[in-house]
């Protein structure tokens, strides 16, 4: 099957999953207790105003109409979202509706918080991959050595440590006690640095980058530790598995040096299946980002989600859920494609 | 239903794996402490002593000079809009009454950890059990019948997997609120065994008569994590249905239900149980995260206590640190046991599940 | 032990013993096995599963992995050059033109794989790296020999100058590869030589794109890359269908004759042995129980096991009304369960009291070219001296 | 094979098992998304119109290389896989259209023994439970009686009654195969499918099991369908033989006819390829067939065998040869049997010495997953 | 402002009929998130004269200093539309850009702002404001009566604007018109005695044409007011940056650039203050006070607020239907210890629904004493011994709310005959239950805080304790009639009735009386600023230290 067909098929599956996601998200709001009008309205408004608001929100419609408007709003990006508070003003972009608390577009709010989350997730992944793979290789190729025990213990502790606690501890030790890093929040990200570079302000860009790095270090460590530990573990056990395979023996039988067998053959075959595991675990990463954002007051999607749940701003909850899930689906499609590209064993079937 | 061979390979796995012994020891200790909390807790977990708040753990006593507000009748004093302060030597004393220190309300951290273990383990076990029940039912059905049933069930599982578990859990809690909270009576206290034991030893009595079971959290973690069980169970069913003995049973005239319960389920149980062990750890982590974010209704929970301690991060680090250590140690224990089971039984489920 | 063997001897394996230290206990996989390989011949090693025939081959070329360990024996290879090199340093490892590989440094032993020894395995699909093209993998085998001949010293180091850093450089810098174009061309030649059609295209395909038979041909091509003196073929056709098996067997024979090399063919199939081999060794429970020329072993089997084996096979040309199987089951090789007596005694229809003592390898009726580990080699079965059941201590066999 | 079976519903007479035009196709690329993309599902023609019959008391050997569909045929005819076409009649009744009670009866009358002695026994059941599972399912014997029956059966297949409480892993391959046979016998069947029952066993043990099977057939008057790839075993045990190639039966006949007077070039080639365990075999070249078995996903047109057949001519690519009678109950699907066929006039195919043909996907690796 | 430099010294016992209806969020303490609270300032202390910047008397010609200030609250504003919010953090941002017609000083007294004069229109149900001349919007246009009238209509008339959440804040106002450029006439639906009090709290004036040219969401993203600061940039949920408006009708502010940021976590705010990243932080938790005071970076400034924290007990469900039981609950807790240890002294014990600074406070009624034996006895007497009760509390809405709730439940749980636990609640869902207007929907026992910027005890009691109160948990005929009396009387009589009601409330104990909340700010040492009484952080009043 060609790459294009594979992508089309995979995208179709993705669309199906997204439709499921949208349906679940819609269902969540339907069964959620509490009246959205309560969030919008002061307690002492009259019943007629309340009715009006409910009508404006479309909540007096039959469920299937609400569902259709919700789904079509998201699919077609109709100018009027379902939750269009009394303004009569069109809300452009994705039809994710309007926030109950701020009256602004959910899509733009969510869109603005996305870069912060992505930045954090990417940094954590980079940290994880850069540390974990060499660590796993060293551990597997020097079994029962001190580095192996060290890496094993690290990975065990890493997958067993709740990242929010790790974050709190890092703040206590490195930020509060030793004052090496800021306790929380985010500096203007890489895009800002790029802007500065483009405008030729090298010194400012370097300073901006330093600040950015200074702020992102602790959150990235917090988020990346579980991932690092996991990949270390997988690399180690994958390599050990792979080293026991017949082709390794065959490679040695034909006279290949150990190092060539180990790196050219074994490591390569170890990393290919890790790609899929990493893809599946990206959900964990995004979930971890939610908590990390909470701990570090990082202005990303997780904060939006938690705040909107606390303030019962359902359109915002729905919007952030959908964006997180869609992001995850997209990442998985990318990972699957990558896996298929690097693994000659599977065609695009 | 454990085959003798399974027991043998488990023993073998144990004898050559020192870490597995550590893991079992940890799990046993945590289980013991959680079950017999009313006997082993040095103090009542809820008992506050505001005058002894923020006592450091043994070994962390210190005295510092600080500028502190002067108080009259318990309230601060203002002078020209400024708070009147004075330099005072502040003693941070520890005492063996509170070996791990006290929290912001002067409650004994060790006792809270012991009672917190109950909540964590209850959620861990019940949540895993529920997830297992749902996931295994779905997975076996999908894998055994394949075709459209499989398509429908597994595509729904895909949809569930599109949500990071913590995100879905938060959203579900937003929906369910704390509707499912249950209070479980503590049999040791109710029957008077624990109070008698404690008064005989001269320990404080009046231990809580019940434990709050955060039903919502249990349901939510199960709803979030069943997919992992479904995947494993489906994989097992897919391969087991091709096993010759399943075909032989069909040739003998056995019907689907009987094949599922007599042949498929018993032979799929090993990887499911191994996954279960790992999932208990994952669910304990998930529960602590939800409590930390304030979404649990449990009064005593490790994650919740970490959150409580955050505001003391510059002055009383132990309030956050101790519950976290309890989580880490417990989860390490469970993961070690899970590793042991997986290595010994080799069900091939590396990388499934997670927080 | 005298090293005076046949004048055509290329490889003499003496008392080779390999143990596996598993969780169940020590497994005596190969128990004091001796055989010799002569120039330009096919030696067959036949045995049932678990008889230790594959481990014997692996032990001979030092490819036994943990938890296995070669615990004793000598592997004498005829190589005048090596003998000269080590005569001064290790006189005990040299005997005329022969060197005892077991006494040589690991680096040297490894460097012999390829130019001296090569091996093909039962399942070609798992013996190729699934994520590299077949051509690339064969080219690697060529390349390593090219480099070895260019710089013999470096080939004896552990990494041969090849590490993670080098791998990274090779994969990042364009145009840098481990294998040279010359090696690739040679790989294609080899593929052609083993009868793979369109070798240029097929060289760029991955193992899963090959059929089993084709892949086994490619495996042979890879084994030929170093132009080895001895090729070990471990059940090379067991995984293949009978028509494909016939093709591969023909190929092996052709190649053997073209290259003038020696082949050690390991199989459980007596028919394959009969078609291919000049001489045969029969293995049972880690031991070579009988060896000799094809005619000697097939037409005049001495060991009751060999006899039983031949009697168990239904003949495709002549359906005997009743088979005569060997009773009982193949023993496992756990040291703790190995009796001191002849390992075959409890299944042997001709067990005698003398069998309570573990037999040495004996010449059959004085013919040193036909030996058997059995008292019957120079004795007659005598029902008077037969062992009765009670003399086995608890040999349940189940 | 030209069957002269009446299409009318007949009373059971003649053959015990009658297989007619049995088809089992698997479909690949048949997911919802494939259909959305408008892609035709690929049919894997594992069994493509197979007909044969097994007469009461005889052993029919079904022989062929891996992937030829012999195991699929045997499982499909027992209803363990759903057939996509054709019919199977057992005692004159259509197996695929049986009523509940007929099916129950069929399940007792027809049994199967599998190849792999390790996967054919549920590792979590005791040997006694395994052997008496059929009795339990059909409610034929109570607890005590079942235990007794288990012991009888075990002793009958050469094991000991005390083995009933043990688990399968405690047994060797040969013993496990005996347990599998005991299970098949528990319901006192008339017909047993033996699906490669000895191919996983060592030769010394294989002979024991073959002897046992022969004894049991005699004792219980069983009818066997013996599926195997090993020609010598088939020769040894069968009364009649059917040779399969790529989902089709190419030749059937009495065992001696097939082995001594093979008519189909494939049968001839198979027999040529088998190495004989005798000194005369030394140096014989057996590779008369070139290339690999084509993929059942895309079987060649005309005669399935023409891509490898040393006698293939242009006519073979055009038309599927019918089953020609070549003697008493001996049929072969090859034009060469028909001296008047246009085959003889057409051009030989240019096989040359080239192997491959680019249709090497199926491969010859023995996998039992057909 | 110089025109009406009022006396800000002392705590004005403001006894007018101002009845600013409590806002949902503002009063229950919404919008502050985290552990933070939303503490209105209360100036019980002597404010200094230059609190409003009016004392600086800067010369217009003087070069304006470069003095950037950053304020870090617990939350960012929910949007920039001054008429579309109900939260303190948003209001704090708004007040620097938008101004009302009239305003309040720190003590709550009504002061002129954009209007210089205001009066009722004799004989009509209307009021009239005279606009200040020469006031310009930040876009340079001059303020006219039409702008003010439109702004009022935008709040009260759904047809003109939208369903403003502030409409109830101008209760009784039906519309406004502008007879001329400098006059605004407001029509009322009756003789509204508190109309000016209302206008002093809400009603930010926007420019009519500017509003009409923009969509609702655009208005939420940008600002155009008359205040001392104009918007420079706005990044939703991240920061709001303002610069000094040099053409302000009063003296320009000393602060040159004003940035609002937020940090939900209190320790984060403290760290930012200590690291010099911000200048003013809200809600310094008591345990961090030493850290701030011991540092060179800043110090803590605190003021009692108008917020009272209490535990309501529903009178209609057992065991809280028993007066003895309710009293027992009050005796069971060591309030002094809670204030001292949990709140670090930042709080005042209460024993009646009215705060000491409020009208109607009964000075003779003190807090309940800590007497667990008496509590145990009263529980036995009530017949509810052995009962299990659960305290519903929000988390992170008020200063140490959860810790207070835990301490309260902890003390009560100490009683041998009662067991108590805490149920943490999501603030939104708890408030939902409280606001249904139906007592059955409320949890039986909950912790909540109520802020009343008018210093009017009667309003507190009416809303929270009268039979018909919006959030009541209690019903007592005698209490109702006392409030009735107070509502229909003035002066001493009224005060007496209120004091009696407070005494009755103390006796009947419908609540567990807890603490008056304090606002605790962290102020950088480079800023000179006094906390005000009205929840407002007024950067116009800041000067360089």
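Structure notes:
Think of it as A, B, C, D and E in the order they're written, each chain with its own count starting at 1.
As a working rule, a contact is a pair of C-beta atoms (placed from the backbone, for glycine too) under 8 Å apart; a residue touches a chain by one contact, two chains touch by 3 or more.
Since this is a predicted model, take the numbers as computed values, not measurements.
Graph distance from chain D to chain E, where chains that touch are one step apart, equals 2.
Of all chains shown, the one whose average CA position lies nearest the global CA mean is A.
Work out the mean CA point of chain C and of chain D, and you get 34 Å between them. The geometric centre of chain C is 90 Å away from that of chain E, both derived from CA atoms. Averaged Cα coordinates give chain B a centre that lies 55 Å from the centre of chain C. For chain C, residues touching at least two other chains, in rising order: 123.
Touching two or more other chains at once are residues 13, 33, 176, 309, 312 of chain A. Residues of chain B found to touch two or more other chains are 177, 310, 313-314. The touching residues of chain E, counted against chain B in their complex, run 35, 44-48, 265-267, 270-271, 285, 287-291, 293-294, 299-303, 334, 336-342, 344-349, 395-396, 402-403, 406-407, 409-411, 413-414, 416, 419, 421-424, 426, 429, 518, 530-531. Interface residues of chain C facing chain A in the complex, by the touch rule stated above, are 58, 61, 63, 65, 110-111, 113-115, 117-119, 121, 123, 126-133, 137, 140-141, 144-145, 148, 155, 158-160, 162-164, 166-167, 178, 206, 208, 219, 222-223, 225-226.
By the touch criterion stated above, chain B contacts chain D in their complex at residues 1, 3-5, 151, 242-245, 247-254, 258, 262-263, 266-267.
Against chain C, in their complex, chain A makes its touches with residues 137, 244-247, 249-260, 263-265, 267-269, 272, 342-345. Those residues of chain E that touch chain A in the shared complex are 21, 23-24, 33, 78-79, 81, 84, 86, 158, 162-163, 165, 167-168, 215-217, 220-221, 236-238, 263-265, 267-268, 271-272, 275, 426-429, 432, 435, 437, 470.
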